[in-house]
Every structure is written in structure tokens, then in C-alpha cells.
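Order of writing sets the labels: A, B, C, D, E and F. Residues in every chain begin at 1.
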Amino acid sequence: QAQQQQEQMRLMEMMQEMQVADSLRMYNELVQRCFGHCVENFRSRKLDGKEEACIVRCCQKFLKFTQRATQRFQEHQQEMAEEAAKAQQNK
Amino acid sequence: MNMPQGQGNLDAMKAEMIFVADLFNKMSEMCFKKCVPRFHDGDLNTGEPVVCADRCVGKYVEATNKVGEVMQQLQQGQAPQ
Amino acid sequence: QAQQQQEQMRLMEMMQEMQVADSLRMYNELVQRCFGHCVENFRSRKLDGKEEACIVRCCQKFLKFTQRATQRFQEHQQEMAEEAAKAQQNK
Amino acid sequence: MNMPQGQGNLDAMKAEMIFVADLFNKMSEMCFKKCVPRFHDGDLNTGEPVVCADRCVGKYVEATNKVGEVMQQLQQGQAPQ
Amino acid sequence: MNMPQGQGNLDAMKAEMIFVADLFNKMSEMCFKKCVPRFHDGDLNTGEPVVCADRCVGKYVEATNKVGEVMQQLQQGQAPQ
Amino acid sequence: QAQQQQEQMRLMEMMQEMQVADSLRMYNELVQRCFGHCVENFRSRKLDGKEEACIVRCCQKFLKFTQRATQRFQEHQQEMAEEAAKAQQNK
């Protein structure tokens, strides 16, 4: 049983590590996406006001979209888990 | 989606977690491209993209199951249809 | 020698883990590719018949292509290993 | 860019290293696309692309900081602006 | 392709395995794009794409070796040609 | 203190491993990019002279660009580290 607890602990750690890595990767992808969409001129090494505003909008839009998609995705996963459990019972 | 259920096997659970995270990331990237082709204003709360997000997630999950079936059929040497 | 056997074991395990991870990643890439190619309308949350048929065709096509490419790639690797072995002998 | 400072914590330092490497790779890919749209000759030493590289790196670093701010504000439930 | 031979060194072998898998994945993605620009029917067994696959793999392996050479020359501070 | 030294060692090893993995990934990305840009005909299984020359130019261009970007990026990181140190002192 001590072993089971230890496995549980390692799984939790692993999940946390993955979540950190995942959110940092998502951060980088968001920068790349919005930079690619919003920045076109290289006459200066600073973002101009228009570019900055575009980046802010792009971020907000993507993050809100992702929130919504996360909700829906979790609902689908829930449903599938329930169906699997039901199928198990009917065996 | 067609993943083995975890049986206390840590490696399999890790593989499954990575798979689901990768699936989710590819899905949200793809659905964003399909549903928000242009970035005009920052607010998604009203209007089309939210509805599109819901439907896109539904279709993507279905497509994932479909592709899984085709892969299994090909591995078993059966031509689908 | 026991140590060598243990290393061999770890290598086999690592290869297996990588193959599992790789095939799951390929699965996800295939879904993304075929979804991107085949699904254009979002008037419903279910795939229609045309979309489903397109996804099936797209998968089959890609998987057969990959099989062929795998064969050829393995032949090239074999050749290169043989050339390397020959070069070793001629030293 | 908005990363916690390493405090002897190996995992956090590893995560930071992976983050910075990923940032750099995405940045150089993106800036290459923006600054060298066509491949005509092999020499970059004279002319435009070098200047563009300098500016693109500056803007990309700034954009990374900006996106970090927006993410924090949204996590804290504050609408930016 | 220009990888050191494994000398019982597990880390180097792991790096090589990851490299070869990554090379193969990028190659098949690229060759699929080049050889199957449209998805009309599901059967690849007859006709063009198979021939194209064979040639594309050959060219890709050659290109990998060429790029390796150029990288080595630049690292050694020699301008190629 | 022995523990600290060990952590230092593990960090160095980790960095080295990451650098190897990173440069191999960059190698593969460079091949993919330049192949995609330079190779269009599949009438033979050998690169022709024009394709080969294009690949060489493409590589050189990207590698020189990356060198420059690396320099600038390191300068920016340096600056930010200095600013962070100054902010720490002024507390």
C-alpha cells in the first residue's frame, strides 16, 4: 500500500511538471502566433502602438477561445468515461 | 481516445496524459484557425466563434475516433469499407 | 557483463517507450492533417457523411504513403550502415 | 521572460532552460520568415537582413513580455485596458 | 546521418534514436506534401505517388547529408565552395 | 555542500544533453526547410546540381541569420538580468 501511495505521488508530480511545461510551451506558441499576425514592419526595434494593441487583442481572443474549447473538451471526456464505465457494468 | 485504461502502470498513464495534452493542443490550434480566421476585436463572448468552438470540438473528437478506427483496420490488414 | 545486459534492457525499454510516444504523436498529427483538409463547415457538431468519407480516404492515403516511405528509408539506412562497415574494414 | 528565478530548484531551472530554448527557436524561425522572404544568395553579411534581424529580435522580446502581461491579467480575472 | 557511432553510451544512442525518428517524421510529412498535393482517392498502390515517394526519400536523405556537410564547414570557419 | 556540487553537476549534464538534442532538432528543421524550398521535381532519386546549390545557399543563409539572432538575443537577456539585479539592489 505504501508503494501505491508512492506511485500516486510520482504521478501527481509528473502531472504538475507536465502542466508547467505545457503552459510555457503554450505561452511561446501564443507569442509566435500573434507576432506573426501583428508585426510586419522592421523600421524600428520597438513595437509601435498599433502592433502592441494588435498583440493584446490577439492574445485575449486566443485565450478566451481556448478556455471555451477546454470546457467543451472536458465535457466530452467526461461523457466518454461515463460510457466506458456503463459498458463495463453491462458485461 | 482509443487508449488502454490505466492499470496502475505509470508509464502507460504518462503516455496517455501526453497523448491527451497533445490532442487538446492540436485541436485548439486547428479550431482557432477554422473559427477565428481574422482577429478584429478581443471579445469572444458574443456571437459566432463560441458556437463554432463548441461544434469544432465535437467534430474533432469524432474525427479522432474515426482515425483511430481506420488505423486499427489497416494494422489488422483489413481494408475499411 | 551483467552491467552490459542491464544497459541492453534499458535501451530496449527506452526504444519501446519512444515507439509508443511516436505512434501516438503520429496519430494526433494525422487527425490534425485530415481534419484540416476535410472539415470546413461548422453548422453542426457532428461530422457529415462527406466529411467522414474524406477523413477515411485521407488517413488511408497517408498511412500507405508512410508505409512505403518507411521501407525505402530503412533500405537507405541499411546501405549506409554497410558502407560504414566496409570503410571500417578498409582501414 | 516572466520566469521565476532559479532558487537551487533543479526542476524549475530545467523548465526555464527549456522555455528559453523554445522561445529562441520560435523567434529565429519567425524572424527568418519575416526578414528573408526569399533565398537569393548565401551571404547575409551586407545589407538589409542583418538590420532586420536586430530589430526583429528586439520586437519579439518585447512581444513576449507583452503576452506574459496579458496572460497574467486574464488569470487574475482582470480585463486589460 | 553524420551521427557518432554508439559505443555502449546510452545517452548518445538515445540522442541518435530521437534524431533518426525526428528525421523520418519530417521527411514523411514533407514528401507527402510534395507527392500527394490532393487527396482524391484512398488507394496509393498504383501510379505516381509511390514512384514519387521512392525518389523523394532518396533526395531527402541526400539533402540531409549535404546540410550536415555545410554545417560542419561553417563550424570550422570555412566558407563552402 | 557536497550536495550542492552534485546538483551543479546534474545541471551541467542536463544542459549538455539539451544542447545536443537542440542542435540535432535544428539540423532536422534546417533540412526540412531547405528541402521544401529547393526541391520541386521528382523525376530522379538524386538531387540535381541546381537543387544542391540551392540547398547549400539556403543553409548558409539560415545559419548566418541564426548566428546574428543569437548574439542579439544574448544581449537582450544580459540586459534583462542586469535590470533585475539592479531592481533587487534598490529594494
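Methods note: a residue touches a chain if its C-beta (ideal position, glycine included) is under 8 Å from a C-beta of that chain, and two chains touch if they have at least 3 such contacts.
According to UniProt, the chain labels map to these proteins: B, D, E = Mitochondrial import inner membrane translocase subunit.
Remember, it's a predicted structure, so these values are computed and weren't measured experimentally.
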Chain whose average C-alpha position is farthest from chain A's own: E
Distance between chain centroids, defined by C-alpha means - chain B, chain F (Å): 31
Where chain B and chain C are represented by their mean Cα positions, the distance between them in whole Å: 19
Distance between the centres, which are taken as Cα means, of chain C and chain A, whole angstrom: 25
Sequence positions of chain F contacting 2 or more other chains: 25, 29, 56, 60
Junction residues of chain B, two or more chains touched: 18, 27, 29, 35, 54, 56-58
Category of the chain touch graph - line, ring, star, complete, other: ring
Ring path (origin chain A; first step to chain B): A, B, C, E, F, D
For the chain E and chain C complex, residues of the former touching the latter: 1, 5, 8, 10, 13-14, 17-18, 20-21, 24-25, 27-29, 31-32, 35-36, 39-45, 49-50, 53-54, 56-58, 61
Of all residues in chain F, those that touch chain D in their complex: 4, 7, 10-11, 14-15, 18, 22, 25-26, 29, 37, 54, 56-58, 60-62, 64-66, 68-70, 72-73, 76-77, 80, 84
Residues of chain B touching chain C in the complex: 11, 15, 18-19, 22-23, 26-27, 29-30, 33-35, 51-52, 54-60, 62-64, 66-68, 70-71, 74, 80-81
Chain E partner contacts - residues on chain F that touch it in the complex: 17, 20-21, 24-25, 27-32, 34-36, 38-40, 42-47, 51-52, 55-56, 59-60, 63
